[in-house]
Structure formats: C-alpha cells, structure tokens
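Same chain, two partners: chain A is paired with chain B first, then with chain C.
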Partner chain A sequence: MTGAALARGRTAMPRFLARHGWALGVWALLGLLLAWYSTLIPRFGQFQVVSITKNSLPLIYLAVGQAIIVIAGGIDLSLGGLLLLSNVVAARFMEGQPLGVALLLAVAILVGLALLNGLVGLVIHRSGMPDIVVTLATSYIWSGLALWILPSPGGGTAPEMRWLFTGSPSGIGGTWVTPGMMLALPVLAIYLVLRRTRLGLGLYAVGSHREAARLAGLDVARAKVAAYAFGGMLAGLAGLAMVALTGTGDPRFSVGANATLNSLAAVVLGGVALTGGAGSVIGAVAAAVILIMLNPILSAMGIDPNHAQVIQGALIAGVMMVGGLATILRERSS
Partner chain B sequence: MNRSTLSAPPGARSRPSPGWRARLRAAVVEHPNGVLAGVLVLLVLLTGAIQPSYLSVNGMRNTLLQAAPLGILAGAQTILMLTGGIDLSITMIATAAAYVAANQSPEGAAVAILLGMGVGLVAGTANGIGVAVFRVNPLIMTLAMSGILLGLFTSWAQTVLQGSTTVAPFIKLVGGGSFLDNRIPYSVVVWGLLSLVLLWLLRRTGWGRLLYGVGDNEVAVYLAGIPVWLVRITAYTVAGILGAIAGILLAGRTGAVDLQLAGAFLLPSIAAAVIGGTSIFGGVGGYAGTILGALILSVLNSMLTFLNVGQAIQQMVYGAIVLALAWGYASLTRDPG
Partner chain C sequence: MSPPLPLLTAQGIAKSYGPVVALRSVDFAVAPGEVHALLGANGAGKSTLVKILAGVHPADAGQVFVAGRPVQFATPRAAIQAGIATVFQDPALIPDLTVDENLRLGPVDRQRFREGLDRFGLAHLDLDTRVRDLPLDLLRLVDLARAISREPRILLLDEITAALTADQAERVFELLQDWRQQGRAAVLITHRLAEVMRACDRATVLRDGQDVAVLDTQAVDEHRLIEAMLGQATQPVSSDLGSSRARSTLGPAVLQVEDLGWNQGVQGVSFQVREGEILGLVALEGQGQDRLFQLLAGQRSPTAGQIRIDGRPRRFRSPYDAVRAGVVLVPGDRQLAVLPSQSVHHNLALPLFHRLRRWMGIPPDEGRRVAEAIRRLAIDIRAGSQVRRLSGGNQQKVVIGRWLVGGFRVLLCFDPTRGIDIQTKREIYRLLRELAGAGASILLYTSELAEIPLVCDRVLVMHAGRIVDEQEAATATEASLLTAAHGLEVAP
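Our next item is the complex of A and B:
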C-alpha cells in the first residue's frame, strides 16, 4: 500500500528506499561485519574472501530458491531434502567421471529437480492443500530417497566441479573468480527474471493477492509451478555446491532440515515477507552470507562455538524484533 | 471464498445426484474424526496382518508409549496453529526441560519436574513476547529460540548443568512404566488427563474460544476489546509448558537425557496436528483430531519398524502416507465446485 502511494511521489528516491530499504540495511550490516572481521584477523586477503564466498554458496542458492517461492505466496520445507537428493546423486555418480559426463549429470540434476519440485507446485495448486503441509511430507520423501541412493556419507565429485564452486580443484585455497561468478551469475539471472519478465512480475502479483491476480487474468497455476521449479533447481545447485565444498556426499536428515530452516531465516532476515508478494532475492543473499559469516567472526573473537549459536539465534530474533517495532511505530505515526 | 459465484466451472451446473462419492464427502465433512478413526483402525489391522503379535496388549502399549509424548507436543502445536502460529522450538524446549529435570533429579522428583516445567514456561513466554509484542513471524521467532536453547544447553551441559543426566526413579516410572499387570502406561494416563484439560480449555473456556478467534479474525477480536497480545503470549506459554511435560516424559522413557532427545518429534508434531484437521492458517481444528493424528503416526511408525525395510524406505513411506492423508482430506472436504 505504501508502495503504491509512494509511486505517485515526486521523486524516485523515497520509493526506492521504501522498496529496498531493508535489503540495503542488510547489505550495510554485511559490509560492517566484513570490515569488523578484517580487523579481527591478522591478515584479510583473497583466502578469506574465497572462503566466505564458497562456504556461503549452498545457503545463498537455497535462500534465493526459498525467496522465489515465498514471494509467490508459498513456502517450501522440502528444499533441504532436495539439496540432499542433489548432493547424494552428484556424490555417488560424479566421482571419477570425465568432465563431459560430470557436466551432463549436473544439468540432469538441475532439470530433474526443477521438474520434480514443479510437479509438487502443481499438486499444491490442484489439491488445495497448504504449501507447508505438502512440502513437509515431500521433505521426508526426498530425504528418504537420498538415504536410499547413498546409505552412508561418502562418494566424491569431479575436480572441475570443485574448481567451479570453490576456486581450486582440491577445494583448498584457489581463486575467487569462479566462486564469485557462481555467486553472481545465478543470483543476477534470478533477480532479472523476477524483476524484468512477465513471469517474474506475475509471481509477485500472485504472492501479493492470489485471487486478484487470477481475476486480472494471470495464470496462477503457471506461477506456482514456475516458482517451485525455480526453487527445485536452486536446491539442486545448492546440493552440487555442497558436494564441491566438502568433497563427499552426506545423506543425513538433519543436514537437510537445518538447511531448510537456515534458508527460511535468510529469506526473512533478507526482507522477504513470509506473507508473500514483497521483497527481493538481493536482500536474502546478503542475509545468507551474514548467517554463514557469523561463525568465523565469532570464532575469531575467541567465542565458544556454542555461545556463537546463542548469539546467532539472538541476532535473528533481535533483528526481526527491531523490524517489527519499526513497523509498529510507522503504523502509529501514519 | 465465493469462487463459484464469480465463475462457475462447467462441471458445477450438472452436478450428479448424490452418489457414493457425494455421500462419502458429506460424511467426511460432518465427521472428519470418524474418518480418521477409521484410518487408524485400518492401520492397526494392517500392522497386525504384518506382525500378528502386534494385536496384543503389549503391542498396543508400545505404540501408546510412543504416542503420548508426540500427542502432547502436537497438542502444543494445535493450540498455536489455532492462533495462526507454530512452534519450531517445541522439541528443543522439551529437550531443555528434560535436561534440567535430569540435572535436578538428585533433589527429588517434584523439584526436578517443577524446574523442568519452569524452563518450558520461560522459553514459551519468551516466544510469545517475540511473536505478540514485537510481531516477529512465529516461524522465525521459534527457529531463533531453538538455536538459542541448543547453544545454551550445549555449553551448560559442560558447565552449570554438569552432573546427573539420568532422571529420578519417579520420572522413569511415569515416563516408561505401566500399571495393571504392565498393561497401561502411566504416560498415557498423563496424556489422557492433559487431553481432557485441553479439550475442555478449547471447547468450553473463553480463552479457548479466543484462540480460535485470534486465528480466524484478529481484527474482529481486537475491535471487540480483547487484548490480542495477551491471548497470543498465553498460548505460547501453555505450549512451552506442554513441551516441557512431553520432554520429561520422554526422558523418563529413555531414562537418560541428551541434546537429541526430542529432535525427531518436531515434524511429526506438526504433521499430527495437520492430519487431525487443524489448519496451519488458524481458526479451524481442534485437539480431538490431533489425538487421532498422533495415534495414526505412531501406529505407522510401528508398522514401518515391523516391515524392517530400513530407514530410507521408512522415511519415504512416512512422507507418502502423510501426503496421501492430507490430500484425501483436502479433496474430500473441498467445495465440489
């Protein structure tokens, strides 16, 4: 509502701030944290940049995938399960394969998971079941399937895949160029799709008010399927990044469940409203990096990792409380 | 949702005379819990067909021992889901409460149980304040609470809570013991009493009706002069206490505590409430359905254990059946237009 009112304003600046204020704030917070981190450790150089980038990649992909689905008015608790599925398929079948086969497999995983989750989106639309219920059930199915494919942690990946996501064929050190590219390109592509295409704007419309969007002639089913397909594809990318990062596959249920919950935290911290129709993937990316960066920062400060978890939780709650208070105050004043 | 008046789909005009489908649909809409009870009986018989010894006092007792903590946790979710909330920290609250109860067990069972419930009270109220006063999304607030509790208790387990990790004999008896020739578990009695209280609260008290009201139309409740924030906070407090009780029962069943004590119950606690017909968006549902949902999931668990198919297939079947139940329920109760 404020967006529409501001759109008629004389300058573009207030509108820009109203739309992107939260995301800008999150990026500013990330910048502050980075600056602070660089004073905490003796040497801040390429190694740290590579390390933060590559370690953030899985959560960034997952958060972007979750953001698309949430923007379109859904929520996906199965993204972690899809991540596991991609992770174990890659770990089991990519090890020792030539580059061509590995690439083909990667593409197959992305397309396969996009189709799979798109189908889930269709089921949600057709059945009228709540998103959270369907994806809760499918999270069990995908995690079980992952465990069936790879019963215990193991497997491997192709050195080229490691180079692509981590910047070095061995996964240690290396260049920042490829992980940076793998961060920027998919995020940019998704951002452009969401903001510049008919389909992407349709997702905002459906997430904002489903019935109004339907009456305006939008294909609600197509929007739902597209959002979930994008989410599935990004979960697949997250799984590939995870294999590249760790060098092995890990089918444990808790890995997927934690990834799902972190993706939700990143999306909400990044300024995407869980009610749908508002926010952008850009904020979610910064929030995902912040969530990952907290661990090295707090350990550089010499804080017990258990306390680090407490601080992370308190920070998430605290930031959201400040956001909530700001909303209340704005409502009071207007 | 007056969708049919806006654009009637072609099928709606020529609605056939009530056949078996229509009658089934009407039956489901009017008696959803009857249908759930039917599914439960079917599952029990199916499990009995797989493992004949299951259809005995002992088999039922094992399922009920599993169902009691799940049912109580799902009760907490039901209360919150009625207000449009949810609690992702409930199993961590349960674990934390069990930890404190175990630690205080040398002081006597009463002190241990009360302090354990105190943990639930504090954590639940904190959740409530975040959600009701600061308007943090319940998913995020309780997710953060879960992380905070996990971190706190992981470090406290090596410092201030060092010591006993086994619970007092009385808690063991209540959590895992049975009476009447080892037939009826005490934990089921606890669950039964709590269920009666919950059903009474939800159906017969003003507070219970307000939970529905807040979930259904918060603005209307607010305009009626009700402090909505208080309703929400108390809902989270009660949920926290229920979580603590479930955690203490679980600790009694296993005899000792660790930080993974209740974690596996989180998604089933939500699934039980959802299968029982409580809407995740608030305002619709009740605890009777949740009880059946918890029993169904527990029987399902026993069945999958008997089938001995391995964890992977178990997870897949579990997910598929939850999906099928929810789907069947949705397609039968939905407006046939």
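Our next item is the complex of A and C:
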C-alpha cells in the first residue's frame, strides 16, 4: 500500500530539482556573473572566454579532486602541496623537451601523484587517524619537496603543453577549443565515473554512511584509496595547467596553501556537503569559475584587488546562507 | 529419520567487548529446510551472535561451519560470498543514494530483486527514489529483497518484522515457507513469540551469552519459551535498599504525561510520576521507550499530547528547556553524557555552567556541592583527572552525580545499570531510593526485570509504542512483566 503510494507519486522534475538544485543554482549564478561582466567591459568576446576558461583550469581540477575526496567522507589539505610538486617537476624537466617526452612526463606525473596520494589514503584508513591531520602533515612534506626540486621560481614548459591548456603555444590569446576540451573531458569523465560506475557509487556510499556501506559488502579501504588517488591525479593535472598558464614553475608555499583553501571554498560553494556522501563535481566546477572570475569583475568595477578577498568571503557566506535556507524550506514543504 | 547435516553450525562462540562479555559460549545449529528462531531477553547476546555469523565482528573463540566446512569471515563481504545474507536491524542501505544506485554497489541479480519486491507487494516501487525518502518498513523490505536476490543458502533476519505491518510480515512468512521447501535455512530474531510459534520450526534460547535451550515449536507453548528465556530465578541485588514506601506517603503528581505521541513510534502514552515515587518502565528492545525518553528530555518534540510539570503544561524545544524545567536525563549511552577527557570535577560541575554570569566565574558554592556529590556517590576519583579512565560504574555515578549538583525535579534514567557490576548497581539503586525518599520523582527504564520490585513503586509496560500494562512493583514478577512486554495477556 505504501509502496503503491510512493511509486511514481512525484514527478521527475521536482526530484531532479531536489537533487541537482544547488548545482543548477551555482551555474545560474555563474551565468548572471558572466552576463554582468560582459556589460562591465567594452568588448566581450572569444578572448575573454578563453581567458576565463584557461585561468580557471587549475582551480577546477583541484576543486573536482577535493570534491571526490569530500564526497567519500574525507578532506585533503595536501592538494595544494601536490599541485606544487607537479608544477615544479613539470617546470624543471619539461622545458625544451620534444612533445613525446613532455607527454610521457605528464603521464608519469599524473600516475605518480595518484599512487602517492592513494598511499596517503591507505595510511589514513589503516592508521585510523583523521584525514585532516594526515593530509595537513603531508601538505608540508609535498611543499618542502617542491622547494627542494625547484628552489626558486623558474623553469618552463613545452609549447605543445601550453597550447593544450591555454589554446596558444605562447600562452596568449588563441583558440577556445583546446582549453574548453581540457575543461570538459576530465570533468565529464570524473562525473561519469562517480555517478555511473560501481566504484563511484561506492565513494558516495562510504561518505554517506560508512558502516552501512561495510555491511552491504563494500570494500571501504578501496573506496578511500580510490578517492585519494583521484584527488592526487587531479592535483597533478592542476599543476600541469598552472605551468602551462604561467610558463614557469613556482614552488612558493603560499601558492599551494591558497590553492588548497580555494579548492575547499569551491567545494563548499558548489554544494558538496563537507559531511560527505552528497553533492556533485558539476557544482564545484561552476563554483571554481565563479571564484576565479571575481578578480577581473572587481577590477573592471574599479575595486581595489586588495578588497577582493573580503567580497569573496562574503559571497561564500551569502550563497551558503541562501542555499541553506532553500534546503530548509524544501524539507519543510515535503 | 536421521537428522540432516546442519547447514550452519556455530560451536563455542565467545565474544567480549572490552570488559563486557556478550557471548560466553554459544552452540547453535540450523538444518537445511529449517526456519530457526533465536530468542533471548534484552542483552542475552542475540545481535552479537548475528553480527559474528554475518562477518561484522570476529569471534574471540569458537568456530563457524557452513555446510560442514569451517569458515572465517574477515568482512561482511566474505559472509555474503559464503552464502549467508543478512538483514540487519538498521538497513544496510546508503541514505544519500537511490535504491537503484544502492543495488549497483554490489553484485545483485536485478531480475530476482524485482521478483522479491513483487512478493512483498512493492512491484511499483520507483527505484529512483532516494533511500533517505523511504519509510523504514519499505527500507527493510528492499534490504530483504536485495538479500534474497543474492540467492543465499542461509538468511539471517534481525527483527525483520518489528517495523512491518501485519500484511507485510505475512508476506515475509510466505517467503520463509518457500525457503523451507527449497532446502535453504533462515534464522529469525524476533520478540514476537506468536511469530516464532507460527513461522519457525525450532528455537534456540540464549541467556547471559549462553545457549540454554533448543525447543521444538510444535511441542511447546509461548509460556514455555518465556520460562526458558528467564531460566532459574536470576540473582537479584540484595533487598537492603530500603523498602518502598506506601503509596499514601507520596506527594502530588510532578510529571504528568497526557496522550503523548510521536508519529508511529509513541502513541497515546499517559502516566504520572508523583513526588517521591520511582516509576519503572519495562519494554523489549525497540518498543518506543527510547523515543519516549527523548520526548520527555526535550530531544524531540511530540506530535501529540502534552507534558505537565507540577501541573503546568510545558513545551520543550531542546534539552535546555527540559533541564530548566527540572527534568533531567541519565541517558542509556554514557558516552553521550560525559566529557571523556575532562576531570570528574569538571563533569560534575557541568550543570552549573548555565548559571555562570558572563565572566564572573563559577558560583562560590560549586566546590562544596561537587565535593558533596563525590562523597555521597562514593565515586572512586583516583583516576579522576580524566573521566574516560574511570570504570563504567563510576562513569555512570558521575552522570547521576551531575544532577545532584545541578538540582532537579524529575530524574529520567534510561537503563542506568546496563553493563555495570553488582556492587555499583546496588549503590545506584540505593541512591535512587534515597533521592525518592527526599522527594524526587524518578522514571526508571530498565532491562533488568528482576530488580523492578526492589527499586520501583509502580511499573509500566510498553509494547509497540503504547503503555499496555501497569503493575504494582511489589507484586510484579519477571514472568508477569516479560509476558506483558511481549504484548500477551497476563494471567490474573
């Protein structure tokens, strides 16, 4: 009886909204900001689109990586450190290399960081120490290693890598096609893995209710290792994108620390619950772009960039409050 | 006819959680084609045994055999692969995923799953519904359908019928009937003895972590099952607690509960506790007693009825309101009540914190009151710098002692003596009597039926969310209480 009542009792649309409402809201906010930005500057065209896309890439990758880990019930303070590591290795060893070697090196960085962070995930699972403690410690280790590999900003990259992430071999101007693809393809792949495969659902399961997941016969350790491995790989991708963007390596600690905090901001703003098990990477992507866009918007408005962070913080707080209110209202009504 | 080789055998299973012995030594066997009931009073060790058979916890000692072969389960996954599917009391479904996504987490035969849903009348269940949005009865049926879709040889059902309606339970029994004919086995844990008589072939009775009887349900009646669960008269704590006072000396009603309800969990509960009275509450596990306590302590808001303190209606929006009205709780889980890494002193002074005036500091009488509580409760404070290093009994004294320091009108005690040694138990009971003697009103839920007559003045019995019986504590017996708690009529 109850079964019949529940069956198809609700139409698909409200359910879709309930499930993806937050992500849609963040994308809508991004759309509004873009529209507003286009009125602020004299000419809005391909150049701006390319610029926003490529500048967002490192944070998008990092936010997606953080989102996966948070969804699986963890948190990773070392993603910025891993980004630095990828950044300096690429900058030091890729410069002047032929395409084949550069690509090989890129793959090696991604696989290496995935293995490294997967190992961290295993340590967290085995030791029973809180994620935040272990990754805080490793964040210092990775940052220190980065300084060891490249003591001061410098190095370079292969032109083909620049073209891949920025759309032009020089990093200036260029086509939107390759950065657009570098945005869409990894995000889409990760989204499909998370929502369509057994492994991805397992990450949601472990983050949502660890004990129930174990009782259902899931391998909890494997889920944890997988989440951290994905995070490490995406941090590696973010490091490669950063080198391509700036043309040099930058081992400074503050770069990594800022990147970590921004990835968490994007995850929260993107509607991924810090308690785990809920949210999607799609919202985190839009949130990352919003965070990157704030700077050009504020400078177009003539606001001192030094005040930008205040506005960034106020925006996060504001969106969270509106989102929280919407959630409460929806739960009341149902 | 020689008995067939058992499908599932457990020999000498023992399990302790820290100092608490859950299973001493249990032998247990289920034959193919058998539906076997696992019975026992609260705390007898049923759930622990199921968790060991399902691979959730490893046993400390003993051996499990499946179809004669020794097995060792490191994880629930290993048990599933060995052909043992379990439906736990809390459904092993992920709340944030849809039913469909939950199925995709592990190997599940869709066709068989849908057939299972059909059996339970859920053919039209929308699999894209999030688990979080489904009511408990449907979750348990979904969990069961998933379990049977794995084609297990042995099905373990922990309190499967507790959340089901009568017709849903009926369909589960039909399934078990088929199961039997296919030569598979099922183990059913239930508090409903009528179900045992109807659906089960044999029953193993556990008591204090040991198997005490294996009964053929065709040959015995429900009262014989209860006798087996009780066993020889259990050793009660000595009766030097100070005799219960005559009703005439009790004061006016302090706590009055009128027609209190919370959704389906608690329905139409009315009672009153008078000044100086200890009112006992008895129930099997999961009959709504924990919800009732949450309502009284302000942790949940009732959906019906009202609570009066000293005749004045009160609405508690939070435990803060309840404490302010003088209603204080000693919760069932001590971990919810103590600050484990703080000192005894600090823990006892906790209720005084709401009287702190900004940064004026702790009221000057605090030290005296805390010292008084430590003395009165005889709390062993040698390890007092951190409460987590105290024994369970001493921790419980700290939880009670806190309210001696803070002051109260009504004390709600939820199974305060579970897992506590006999000496401390006696001290706690004596303290409760003393408090009542000094005019406190106490509501005491306890799973130790033998001790009701020693501590309480009256006793209420709760079953399926309702108060089903009231007995004078002086004349109540374990048998009369357990019979009523099973929802059966007590013979006059």
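Note that in this section the second predicted complex is superposed on the first by the 314 of 334 C-alpha atoms of A that agree within 3 Å, B and C clash if a C-alpha of one lies under 4 Å from a C-alpha of the other, contacts with A are read in each partner's own complex, and residues count from 1 in each chain.
FYI, contacts are C-beta pairs under 8 Å (C-beta built on N, C-alpha and C of every residue); 3 or more make two chains touch, one makes a residue touch a chain.
Note that the structure is a prediction, hence the values are computed from the model and not measured.
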**OP:** Could you say whether A:312 touches chain B, chain C, both of them, or neither, answering first, second, both or neither?
**Re:** first
**OP:** Kindly classify A:143 by the partners it touches after superposition: chain B alone (first), chain C alone (second), both, or neither?
**Re:** first
Original post:
After superposition on the shared chain, which partner residues are touched by A:96: those of chain B (first), chain C (second), both, or neither?
Top reply: neither
**OP:** Please indicate which partner A:134 is in contact with in the superposed arrangement: first for chain B, second for chain C, both, or neither.
**Re:** first
Original post:
Should A:151 be classified as contacting the first partner (chain B), the second (chain C), both, or neither?
Top reply: first
Original post:
Which chain, chain B or chain C, is in touch with more residues of chain A?
Top reply: B
Original post:
Between chain B (first) and chain C (second), which, if any, makes contact with A:204: first, second, both or neither?
Top reply: second
Original post:
Counting only touches as set out at the top, which of chain B and chain C does A:274 meet: first, second, both, neither?
Top reply: first
**OP:** Please work out whether A:219 is in contact with chain B alone, chain C alone, both, or neither, and reply first, second, both or neither.
**Re:** second
Original post:
Which chain A residues contact chain B in one complex and chain C in the other?
Top reply: 215
Subject >> Parts of chain A lying in touch with chain B, wherever the complex brings them together >> reply: 123, 127-130, 132-134, 136-141, 143-148, 151, 215, 253-254, 257, 261, 264-265, 268, 274, 304, 306-314, 316-317, 320-321, 323-325, 327-328
Subject >> Residues on chain C engaged by chain A in the complex (per definition of touch) >> reply: 54, 56, 75-77, 80, 86, 88, 90-97, 101-102, 104-106, 120-126, 128-130, 134-135, 137-138
Original post:
What residues on chain B touch chain A, complex-wise?
Top reply: 6, 88, 130, 134-137, 139-141, 143-148, 150-152, 154-155, 263, 267, 270-271, 274, 279-281, 310-320, 322-323, 326-327, 330-331, 334
Original post:
Inside the complex, what are the residues of chain A that reach chain C?
Top reply: 1-4, 6-9, 15, 19, 198, 201-202, 204-205, 207-209, 212-219, 277-278
